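You will see two complexes here that share chain A, one where it goes with chain B and one where it goes with chain C.
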Partner chain A sequence: MASSSSSEGEGRRAWVPLASRPEFAGVTPLPQDDGPSPVVAIAYRDDFRETMDYFRSLYSSRELSPRSLLLTSLAISVNPANYTVWHFRRQVLEALGADWTEELGFTEGVAKRNAKNYQLWHHRRWVAEKLGPDAASRELEFTRKIFCLDAKNYHAWSHRQWVLQALGGWEDELDYCAQLLEEDVFNNSAWNQRYFVITKSPSLGGLNAMRDSEVDYAIEAIHANPENESPWRYLRGLYNDENEAWLNDSRVHSACLRVLKAKRNFKFALSTLLDLLGLGFKPNQEIKDAITSLRTSDLGEAGSDSDLANSICSILGLEDPMRANYWTWRKQQASSSS
Partner chain B sequence: MGELAGDKHVKYILSVEKKKDSFESVVMEHLRLNGAYWGLTTLDLLGKLDTVDSNEVVSWILQCQHESGGFGGNIGHDPHLLYTLSAVQVLALFDKLDVLDVNKVTDYIRALQNEDGSFSGDIWGEVDTRFSYCAICCLAILKRLDSINVEKAVRYIVSCKTLDGGFGCTPGAESHAGQIFCCVGALAITGSLHHIDKDLLGWWLCERQVKSGGLNGRPEKLADVCYSWWVLSSLIMIDRVHWIDKEKLIKFILDCQDTENGGISDRPNDAVDIFHTYFGVAGLSLLEYPGLKATDPAYALPVDVVNRIFFGRCST
Partner chain C sequence: MEPPPPPPPPPSGTTVTQRDQWRVEQEVGRIYSFFAQLPPAAQSFALEVQRDNHIEYLTRGLRGLAPSFGSLDASRPWICYWIIHSLALLGEPIDAELEDSVIDFLSRCQDPSGGYGGGPGQLPHLATTYAAVNSLITLGGSRSLSSINRDKVHNFLRQMKQPSGGFRMHDGGEIDVRACYTAISVASTLNILDDELAEKVGDFILSCQTYEGGIAGEPGSEAHGGYTFCGLATMILINEADRLDLSRLIDWVVFRQGVECGFQGRVNKLVDGCYSFWQGGACALLQKLHPFGLSEGGEDESTDSIDSSLYAASNVSEQEEQENNLESASPQVDGTCQFKQGGPQSASCSINTGNASYNFLERRAEGGSLFNSSALQQYILLCSQLPEGGFRDKPGKFRDLYHTCYCLSGLTVCQYGRSKHADSPPLPWDVVGPYSNLLEPIHPLHNVVLSKYQEANEFFAG
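And now, the complex of A and B:
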């Protein structure tokens, strides 16, 4: 929940004290009241202190003027996480009748160094709301630029989802997800967005209509990197509560089999088969053999069908020792239901 | 394995409290109430809450209260649910909840519930499941949970469930351990944990443990000490904490300490801060590290404080 500013030493212009600036004539700076403890006067950055002291003055007198707007710009540049400054800025903007497009430009400047700042994103949304559906493409472009620097920025994804639902622009979203996944197939945010699009986009047919092609898409990603957690979860999510359909889609267990045969990065393939077994899946001999061949000598003789789940859990307990307790629990679940 | 440098952390926290003019302190002035909660709860877990003058803190907190009943992050700051929760939590630590006009605080919080059951953080309207947690936790401590529409609040949280069994900030958003803590905590407090697929979520959560033994917040992200809290408390609330490797996590947290100057950082060898110091110590408490008080995973307060709230002397 915390975010701190990071505005030190990055090519700042020479600071002109606010006390020397004519536009702030007549303002009496107010220092921060931190309570009864005596404050030790250690000097910290003059521009910071002076800016905040002037801000407090105009804020406490509720002056909604152009110089107040300027001051919030300065205050935001020294401490963009100070939410009270942003609130005051909004009050000033409404009182002065702002140019909302220009304000979007202001936020873009702040975003350059503070892309994970809650206040920035909320302010951006507030401004975009004022502009309405016309703002959609600019908002999508803005988040796209953020993703070029950090494709998992949680705030940006939240903003982008809001834009799509409130302002529109769904048409190219599935393609955009595909592009991001091409750049980094491990990007869990992009997988989540893909799910968001196929379930909510008004220009696609919904989950049922999209399921078939998406299963193929997920499986392709799985074979490229079987250790990738995201496409496995995505694949499972495509079937949601539809256990019958999940069980009967042969592409799923075929994909698992192919991963097992490669004998590397088979953790999620095994756990998926374990899930299927739990739902009543009857594996063929090929799958049974593939599982058996993964057993190491420590595990002793393989047993009958009902031992298959047991085998999987034993293998996983060795393969993924950090989660040994989890796989032991799965083993207990499997044997108690057989 | 190393040890918890408890005394050093106490010294660190007390020094941050005093150095109000340091750059770090000044930059965080708008969320000092959160900082007070992190610092003071850590002190309490280490058994050193009495090193702080409670009257001074309480009087400062009350000055952070707005006429609307909500609390700002510091004196002169606008009210927000985040700081309102911290205020109530700190007062609970000092057993000074009776200084509050409970009706006022309640009115502030309930006014922030929206039609769909979600909560806005403040009058500016930002919606996030974090705020659902803040509202529910706060009102529960004040024993005024009945003043909001709990059913709708729960329904909204459940609508934020994702395909992998976790929760995001809003419906459709990606699973994130921090958001999961907020949602699971809110559901726990309102007696609504049956909405969660505990096995599925438990697995997702235990998959957050990476090779170093630390926990991340989402697949393929870096481990961070704060997830020792978000992930761990969530696992405890759904009775699945035995699914992670506790020893390895303890070692990771201890490696994130600055054993010379005190404090804990997000990962080994980074700069320390109060936020990560709290989450590291609280995480160790959840892991039953010796010498620490027990922590309630839903209220994020020492268990004896929570017991005092619900089973102690009668409230006014």
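And now, the complex of A and C:
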């Protein structure tokens, strides 16, 4: 289960019982009401139990004070996933007129120990919103640091997108995506971010303005690694519902053809052609030949499929056995629509 | 199975993604090769669901947990659900005294103003409300079901409802697809789903379907297995599944099953046993939504998927953030109209809350599994299952209750994937390993055992 032993270890070493701290004098600890026969009862360590007993006490009296703030810090250190504690902390911060920049520092300390936690990121967003556009560069830098450790951290990406939309800082974002993709072209989160930027950035003109150059970018990535699903999905996404444009971009057909001719890692190329055929694409003879040659040379007799979509499904059914059922279904769809 | 020594270092000149993937393929491949050379009797044993050990592991957790579970102190109804649902899938009853204790404990998590928190005295939260309600439904019986204050749950759901159509997880909390799913699933099972709750939820979910085809947690984010299940189930429950681009959704989800035989959560991420349910469950929903009509023979890949695919190995992947565990759900859809109409549908139509989820069950799943069911069962049984009890994300990881719940949930989805009716017993070849591996069937929209769902459906019908 989510192990927190290391952070707990630190807490334990530093632990001074709250009962002996002067700032908590007069607080009566409030034990958890687990009933006479609790289930999923956690064998809390002493510091955990005492911290939460004190927290419950101040929380139940809604004491919005500096010592309540301190206590939420302690409670977050024993369990950063306790949303009630974070919620109370926000109430205390509001009441005390907090230093929001200092609060960002607090969340950074929490993130160091566990960067995958809904509460932390939700809180960070709330604080950054208080600071407004001035916080943008720090937030972008903060997420950038997180991505150095885990370039696919889902929470951090959501946060970064929120920052860009709410606070700004779009200027270097496309370059940042390019940099991440240069480091790891299989990083699908970076592809997703790139899509976000080209469709949402106020300075780039939107998808229609960006499509042309992005198609080239995606196709280059495809040729470097035709087995990489990310640029294939990105390429399709560039056309979204614009089927006419998708059908008529010869660069897409050429890219598929080139991958087919190499006769390796052609699963996504075939799948793309199947998609195009379903929309009414009329392939030239060269593409037809390339598909046919895959069938006969590598796969023997794949059957007596008369039309191209059928052939593609047959080839994929053999080349991609994990999805044999799916390709069978696609074949049935193709034949029922033709 | 004791797989041999550590794998050689990955090839140079590759990216982080490729190296991580390579290690997992090595590890998984070693497990499958080892399996392939076992004599038949040993193979059969290796594929067996180790019921007694799972039950022992689960029951122990229900009674008490080690100090390290402090990190789940705000998720205790979830722990209840993972355990109780897993036991129910295994067909193992819980003794009456312990059952009473669970009901009593969850009642202490129920907020006086409605909804359930992560523990006694904690703020009510949609995810723990879902977990508590599903736990109580799974226990069944009038004492358990009547312990839920439906009117107050309804109030809580209304308070979490946002003008945009989405829901907040809790007062001042995050707005995302999980929140929509947990709110709508709970409303559906408790028969309190009304137009007000359903209003514009579909708009929100729709805005989260990405260019890749899957569904993200928030608009703009990356398509993800957990959110895809949640989003799809929600759309079915409010009768708006046809607003999604289902073809692109299907294409995205079937591509998430990889050479390891299990599912990954996102493109170019590592396999993880919990997605057996999130992605496999989404496939099961899609099979019912869509007339696949796979003909005989198009399906089923027997054991050679095991040999064909793998090389490799190991693990490392995302840690099991308890929070990442979105939930599963069951949709309520009015089977008579759900898949037909194409265009955007106004949420203002009255929702037939009494029967929508129930009617979904009546839909026949024609043909077969959209995904490779036997391959997935192999991954779950050989790579995720620990013979000493419990399931894990992938080889090299520790077992945990979350993965135990969602690996078992994925397994039942596989086993019943070709059954025409939700509760008709699968044919022997649909169950990998001995037929005694057969688990209880679930309602795939809510991920509760089917018979328990039916009991609750009757109980709350009035």
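Here, the second predicted complex is superposed on the first by the 306 of 338 C-alpha atoms of A that agree within 3 Å, B and C clash if a C-alpha of one lies under 4 Å from a C-alpha of the other, contacts with A are read in each partner's own complex, and residues count from 1 in each chain.
The rule is short, and it goes like this: contacts are C-beta pairs under 8 Å (C-beta built on N, C-alpha and C of every residue); 3 or more make two chains touch, one makes a residue touch a chain.
Here the structure is a predicted model, which means the values were calculated and not measured.
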In the superposed model built on chain A, check whether chain B and chain C fit or clash.
clash
In the overlay, answer first, second, both or neither for which of chain B and chain C A:189 touches.
both
Given the touch rule stated above, what does A:332 touch, chain B (first), chain C (second), both, or neither?
second
Output check: A:84 vs chain B and chain C. Expected answer is one of first, second, both, neither. What do you get?
both
Quick check for you: in the superposed arrangement, does A:117 touch first (chain B), second (chain C), both or neither?
second
State whether A:285 touches chain B only (first), chain C only (second), both chains, or neither.
neither
Tell me which partner A:152 touches in the superposition: chain B (first), chain C (second), both or neither.
both
Going by the contact definition given at the top, which residues of chain A touch chain B in one complex and chain C in the other?
1-2, 4-5, 32-37, 39-42, 44-45, 48, 52, 56, 59-60, 79, 81-84, 87, 90, 118, 122, 152, 154, 157-158, 161, 165, 186-189, 192, 195-196, 200, 229-230, 233-234, 236-237, 240, 321-326, 329
Please name which positions on chain B make contact with chain A in the complex.
18-24, 26-32, 34, 56, 59-60, 63, 72-78, 80, 82, 124-126, 130, 162-164, 168-170, 172-176, 178, 202-204, 206-207, 209, 211, 213, 218-221, 242-245, 248, 275
So in the complex, which bits of chain A are touching chain C?
1-5, 8, 32-45, 48, 52, 56, 59-60, 78-84, 87, 90, 116-119, 122, 151-152, 154, 157-158, 161, 165, 183-189, 192, 195-196, 200, 228-230, 233-234, 236-238, 240, 271, 321-326, 328-329, 332
Under the stated contact criterion, what part of chain C meets chain A in this complex?
15-18, 61-76, 79-80, 83, 97-98, 100-102, 104-105, 108, 117-123, 125, 169-174, 210-213, 217-218, 220-224, 250-252, 254-255, 257-259, 261, 266-269, 292-295, 298-301, 305, 308-309, 318-324, 367-372, 375, 398, 400-402
Quick one: in the complex, what on chain A touches chain B?
1-2, 4-5, 32-37, 39-42, 44-45, 48-49, 52, 56, 59-60, 79, 81-84, 87, 90, 118, 122, 125-126, 152, 154, 157-158, 161-162, 165, 186-189, 192-193, 195-196, 199-200, 229-230, 233-234, 236-237, 240, 321-326, 329
